[in-house]
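In what comes next, chain A is part of two complexes: it sits with chain B in the first one and with chain C in the second one.
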Partner chain A sequence: MKAIKKTLLCTGIAAAMTVSAAQAAGISDDKVKIGVLADMGGVYADICGEGCVTAVQMAVEDFGGTVLGKPIEIVSADDQNKPDVGSSIVRKWIDNEQVDTVTGLVASSVTGAVAKVLTDSKKIALISTSASHAFTTKACSPYNVQWTYNVVALANGTVKPMVGAGKWRWFFITADYAFGHALESVATEVVNSNGGEVLGAVRAPLGTTDFSSYVLQAQSSGADVIALANAGTDFTNSLKTAAEFGLTQTADVAGLLVFTSNAQALDPEIAGGMKLTTGFYWDMDEQTREWSKRFKERHGAIPAMGQAGAYSMTMHYLKAVEAAGTDDSDTVIRKMKEMKPDDFFARNATLRNDGRMVHDMYQVRIKRADERANPDDIFAIENVISGEEAFGPMLAECDFK
Partner chain B sequence: MKMTNTKIALLVGLGLLAPLVIYPVFLMKVLCFALFACAFNLLLGFTGLLSFGHAAFLGTGGYVTGYLMINTGLTPELGILCGTLAAGVVGAVYGKLAVKREGIYFAMVTLALAQLLFFVYLQAPFTGGEDGLQGVPRGFLFGLIDLTDNTYLYYVVYAIFLFGFWLVYRTVHSPFGQILKAIRENEPRAISLGYNVSQYKWVAFVISAALAGLAGSTKTLVFQLASLNDVHWHLSGEVVLMTLLGGMGTIAGPLVGAGVVVTIQNYLSGGELGNYVSIIMGVIFIICVLLFRNGIVGELQRLIKRNFS
Partner chain C sequence: MATFLGINLFGLFGQLLVGLINGSFYALLSLGLAIIFGLLKIINFAQGAMYMLGAFAAWMALNYFGINYWAALILVPLAVGFAGVLIERVLLRPIAGEDHLYSLLLTFGIALVLQGLFTQIYGASGQPYSIPDALKGGTKLPFMYLPDYRAWIIVASVVVCGLTWFMIEKTRLGAYLRAGTENPAMLQAFGINVPLIVTLTFGFGVGLAGFAGVMAAPVYSVSPDMGSNMLIVVFAIVVIGGMGSIGGAILTGLGMGIIEGLTKYFYPEASTTVIFAVMVIVLLLKPAGLFGKEA
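After this line comes the complex of A and B, so read on.
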C-alpha cells in the first residue's frame, strides 16, 4: 500500500507540474476538449442529442481538427434530462478529463445545474438549446453563453405581432413546470404591455396525453388566441386535440416553442398556417442550405435550430481560442465577446456581455400540404426580427466586462 | 459472521485510502446511496416492512438542507442536522399512518404518501420545481474546513456514512433489534409475548426515515443540488433493488448493492449502452430474484458457512 501511495503521489506531482508548464504555453493539458451534454434518448433527443454531437464534430473538422497546433477532442454524454446526472457528469469531466468547455445543454433544469458547476470551476457553458432566459438574467454568470434563442425572443417574436394585428384576448395552455411557467409569464407580459388582455391560463402536467379538458376550457374562454406554452410532444398532442375540437377554426392557435421536428411530425392539415418564431431555418438561403445539406448527409435529418447553434458557437469558441492564443476561460470569453460571430447561423450578431448572443430571429409560417415541395419543406419565412427587438435590453447587473 | 476488530479496522482503513485511487465524487455518491440502502434495509431486512416511498425521506432531507444552506447560510453540519430532523418528522407522521397496515397495503400506503409529497415538492415554490435547488453552497464545516475541496468533503461524507452504518449495526444488535427480528419472523407471536408491535415498527420506521434523510442531506451537499429525482418513486424502487441485490437482512448487503448499482449506472450511462440502463437493471433484478434470492452478501455468507464450518 505504501508503494502505491508513493507512486500516486509522484504521478500527482508530475501531473501538477505538466499542468502549470502547459498553461504558460497557452493550451492546458496539450489539448482543447469540448464536452457535449444532451438528452440522447429521451423527449428532447431530436432537438439536440446526437445531432448536436454531429454538429460539434463538423465544427471541429471544419476548423481543421487542431487549434494553436494542439488537437481538439470531443466527449459526449447523455444527461437523461436529470440535473443530478448532468452535473455529476460535468464535474467528472472537469476533475478527471480536462474538459475545457461544455456545449449541447438542452433541458433548462439540467443547464441550470451544469452552468453552476462550470462557473465554479471557471469553465465556459456554451448553451445551445435551453429556452430559459434565466442564464443571462437572474442566474447570469460571466461564463454563460446562450446562443440560439430564449423565451423572451419567442414571446416577442410570436406574441407581439399577433397582438398588434388585433388579437387582443389570449388564453394559455401551459406545461406545468418551470419552463412552461417562464414562457407563460414572459408572454403574458408581452400581451399586457401591448394593450392585450390575458383571459386565463390552464396548467397541464408534463407528458399529458389527453388534452381535451384543457382545450375545452380554452374554447369556452372565448379568447382570440390560444397560446400553447409547452414543447415537444406536449405541443403536438395539445395542437392535435385543439384541431379535433375545431378550435383551430374559431380561434388562432399559437405555438410558442416549435422545433422543425415537431412541425414535421404534425399533419400539415392541422399545423398548416400556424405562425411561430425560430432562431434558424435550414432553407433560408444558400449559406444555410449548404451547411444543412452537409449536416443531413451525416445525421440523416435536417438540423434543428439548437444543432445549427451548437455548430456556430463551437466554431466561435475555437476562433476565440486561436485569437486569444490560450484556452484560459477568462481570456477566451473576453475574446468571444470582442469578436463578432458571423456565419450561416449568426446574422447581424453580437455576443453581449451578459452572454446572450443577439442575432436575427425569424417569424415563420408552417406551410400547408400543397405548398410543400418535399418532406423537409416546412416553414415559409415571413419576417425577420432584429436581435435587439427580439431579445430586449441587457440587465445592468449582468454586464460582465 | 462475527466482525473482529482487525477486520473492521481493515475495512475502515480501506475506505480512508479509497479516494487516492478512485474519483472521490463517485465514492461519495456510492456512500450516500449505501447509507440510504442501509436505512431501507433496517426496515425491509430486519423488520420485514417493505416501504415503497423511501425516496420521500431522502428528498425531504435534501430539500430542507439545500433550502437552508442557500437561504440562511447555515454551516453544513447544521444544514445536514436540520435535513435529517425534517425527514425524521415526516417519517414519524407517515410511519404512524403506515404501520396500521401490513404487507402490500403497507407498501401502497407508503407509496401513496410519497407521491403526495412528490406533488407538493413539484408545485411548492421553494423547491424550484423541475429545476430543483441548484448551486447549494458546500460551505465550511464548523465554519472552518472548506468543503469545496472534494477530498475534505469525502472524509466528512465517509464519517457520516460510518456513523449511519454504526447506528444501523447497533440497532440491529440491540435488544430492540432482536424484537424487530421477532416481529419480522412471526408477528402474532411477538404480539402474544406482550410487545406493542406497532410502536416498535413505528420507531424502526422513524429511524429508517431519519437515516434516509441524512443520506439525502449529504447527497445535496455533495452534488450541490436537490432535485425532483430525489423524491421520485423510481428512486424508491432503486433502493429496493440495491438492498435485494446486495443481500436483504445482512449488514453489509446494502453497501455492496449500492456500490454495484451506482457503478453500473455510472459506467453504462457514458457508453454505448446508455439507453439500456433501465433494461439492464431490470434483467439484473430478475436474475437476482430467480437465482440468488439472498443477494450477493447473503450468498457469500452461505458459501463460507458451507465450506468452512
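After this line comes the complex of A and C, so read on.
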C-alpha cells in the first residue's frame, strides 16, 4: 500500500514538473513579441500604417498586457512599400529581436516577400490589409493567416450582383502591379462565369496622377460598367476624372477596392451612390461603434477595415497562445484554426486550414451628401454576404491540417 | 468612327487634347524651375512641394476661411511666393556662394519636411476640392467630351506662361533679370539691387508652382505626395528644354504632355517612362537641351 502511495506521489510530482517544464518552454524568450510592418508614410499609410500599430496596441492592452504571465511587446517599422525593405526588417526582427509573429502587412508585393521569410523561420504571418488571394492559394503556407478580405471576396461581392442586374459589358482600369492584375483577373472570371463579357482593360502605373487618357479609352469602349481595379489615391483620382469627363453619366463606375479614408477624400457628389464591398464598417452596430469610438479617440480617424482586422487577428492570436499554453508557432496556428474567431469584427467566422479567415462581408453604398449626418457617416450597408459565398472554396493543396 | 491606318482618329484626338492639358501643368512647373535656375543657379527640388503647398493652401483657404477658388487663384500664389521669399532669405542666402549641391540638398530637404508634415497632419489619402460652379459641365466635341475646367487649364496656363515669357524677354525688368544672370557684379555696379531681384525671382518662380497647385486642386486629389510625383518628370522636361531656357521650358512642357498622351494611347504601360527616354536621347544628341545654349 505504502509503495503504491509513494508511486502515486512520485507520478504526481513528475506530472506537476512536466507541466511547469512545458510552461517554461512555452513562451520563448520570456515574452511574446508582435511586429507590425506597414507603409507608414506612403500611399497606403491611411489604410493601415500607424492606425494598425494603434489597433495592435489596443488588442494587447485589452488582453491585459501579459499572456501566460509573460509580457507582450510590440515593435513596428515602415516597409516603404518595398519588398526588399520589408523582408530585411522582418529577418532582423526574427534573428535579433525575438519577434514571434508579424502583422500589419499591406502592399501585396511586400507581404509576398515577408510571408516567405516568416514561413522559412516557422513564424506566423498575420496579414491584415493585403488584397491578393495568393497567400491562401498559389503561395499558401501553413503559417499564413489572412483576415480582413481578399480580391476574390471583392469580386464576388461587387461584380457578381452587377452582372446579375444586367450589366453585361465591362472595362477595367487597372493598377499596373501584382495587386491590380490579381483583382482584374479574378473579377474577369466572375464576369465571364456569370455570362458577362470583358471588352478590354487598360493598365495605369501605380501613382498615376492624371487618369484622363484612361478614362477616355474606357469611354470609347462602350462598356456598361467601368471597373476600377486599383486602390488608395489611384482610386480617388481615377473616379474624380471619370466624373469630370461625364463617364459616370453614361456608364456605371465600380470601385473594386475602396477604403473608408478614400471614400472620405471624395466629393459626395461624385462618389455618392457607388456600391462596393468591405470587410468592416465602423457604424454597423453597437459593438463596432464601441470599438471604433475607442479607436478614433486614440488615432484621430475612424478605423479602416484592415485596422479593425489587425486588432481582431492580434486578439485571436493571443487567445490561441493562452489556450495552447505556448507561443510555439505550430501549436498556436493549430489552436487558432480550432478556435472560432468571434468579436466585433469577425462575424460568423472560421479560420480555415488554408489560413483564410472566412467571415461576413458587407455590400455597402457610399452615401450622398444629404444622407450624411457627419463626415464619418460614409457607407450605408445594403447587404450582408456570407463568408462562404464571398471567399469561395479552399484549394485541396492548401488544406494544412 | 474615323480611322486612319487602323487608328481610331477620334480616340487619338482625345488623347492629344488630354496630353495638352497635362502639358499645361508641366509648362507652368518647369517654367518656374527654369526661371529659378536661370537666375539663381539653384536647382530647386522644393518646386514640387511648393506645388503641393499651393493645392493645400487653396483647400485650407476654402475650408478654414471660406475663400473661394477664384480668390485663391490670386491669393495662394502670393502666399506661396512669400513662403519662397522667406526660404530664399533665411535658408538659401547663407549658402549662396557654395557649390550647387548645397542648395539642391537643402531644397530637397525642405521638400521632404513639407511632405512629411502634411502627411502627418492630413494623412496620405488626399482631400476633396470641388470644381468651381462656373466651370462645371463641359462641351461635347466631335471626338470627345471636354470638361470646361480642363479647357480653362489650357487657357490659364498659356496666358500665364505667355505673360511670364513676355515679361522676361521683352520688358526692362526682364532685361535686369537677364543681365543679373549674365553678370551680377556688373549689374550691381549700375546701382541695381541684385539681391532683391534674386529674392523676388525665387518668390516668383515658386509662386508659379503655387498657381499650378491651385489649378490642380480640383482635378487631382489634394495629397501630400502630389508634388513628388510631378517633380521628377518636370525636371526631365527642364533638362530636355535646356536648363534655364524660359521659352524652352514652356514649349517642352506642352510638347512632352502631348508625347505622353500619345504613349498612353498606344502603349499605356510606358507612359511614365517615355519622357525619360526622350531625355536620354536629347542628352545624347544635344547635351545642352533642345533650346539651351551650348556652354
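Side notes on the structure shown:
Keep this in mind: the second predicted complex is superposed on the first by the 376 of 401 C-alpha atoms of A that agree within 3 Å, B and C clash if a C-alpha of one lies under 4 Å from a C-alpha of the other, contacts with A are read in each partner's own complex, and residues count from 1 in each chain.
The criterion applied here is as follows: contacts are C-beta pairs under 8 Å (C-beta built on N, C-alpha and C of every residue); 3 or more make two chains touch, one makes a residue touch a chain.
Since this is a predicted model, take the numbers as computed values, not measurements.
With both structures placed on the common chain, the touch criterion links A:A77 to chain B but leaves chain C unconnected. Once the two complexes are laid over each other on the shared chain, residue contacts for A:G392 go to neither chain B nor chain C. In the superposed model, A:G41 lies in contact with both chain B and chain C.
Touch criterion not met for A:P341: it reaches neither chain B nor chain C. Across the superposed pair, chain B and chain C both touch chain A at residues 41. Partner chain B is touched in their complex by these residues of chain A: 1, 4-5, 8, 40-41, 77-78, 80, 82-85, 87-89, 91-92, 95-96, 107-109, 112-113, 116-117, 120, 139, 177-179, 181, 206.
The residues of chain C lying in touch with chain A in their complex are 8, 10-11, 14-15, 18-19, 21-22, 116, 119, 123-128, 130-131, 138, 144-145, 147, 149-150, 219-221, 223, 225-226, 229-230, 261, 264-265, 268-269, 271-272. Residues 41-46, 49, 176, 202-205, 207-210, 212-214, 216-217, 219-220, 232-233, 236-237, 240-241, 244-246, 259, 261-262, 264-267, 269, 301 of chain A touch chain C in their complex.
Residues of chain B that touch chain A in their complex: 17, 20-21, 23, 25-26, 29, 122, 128-132, 134-135, 148, 150, 223-225, 227, 229-230, 269-270, 274-275.
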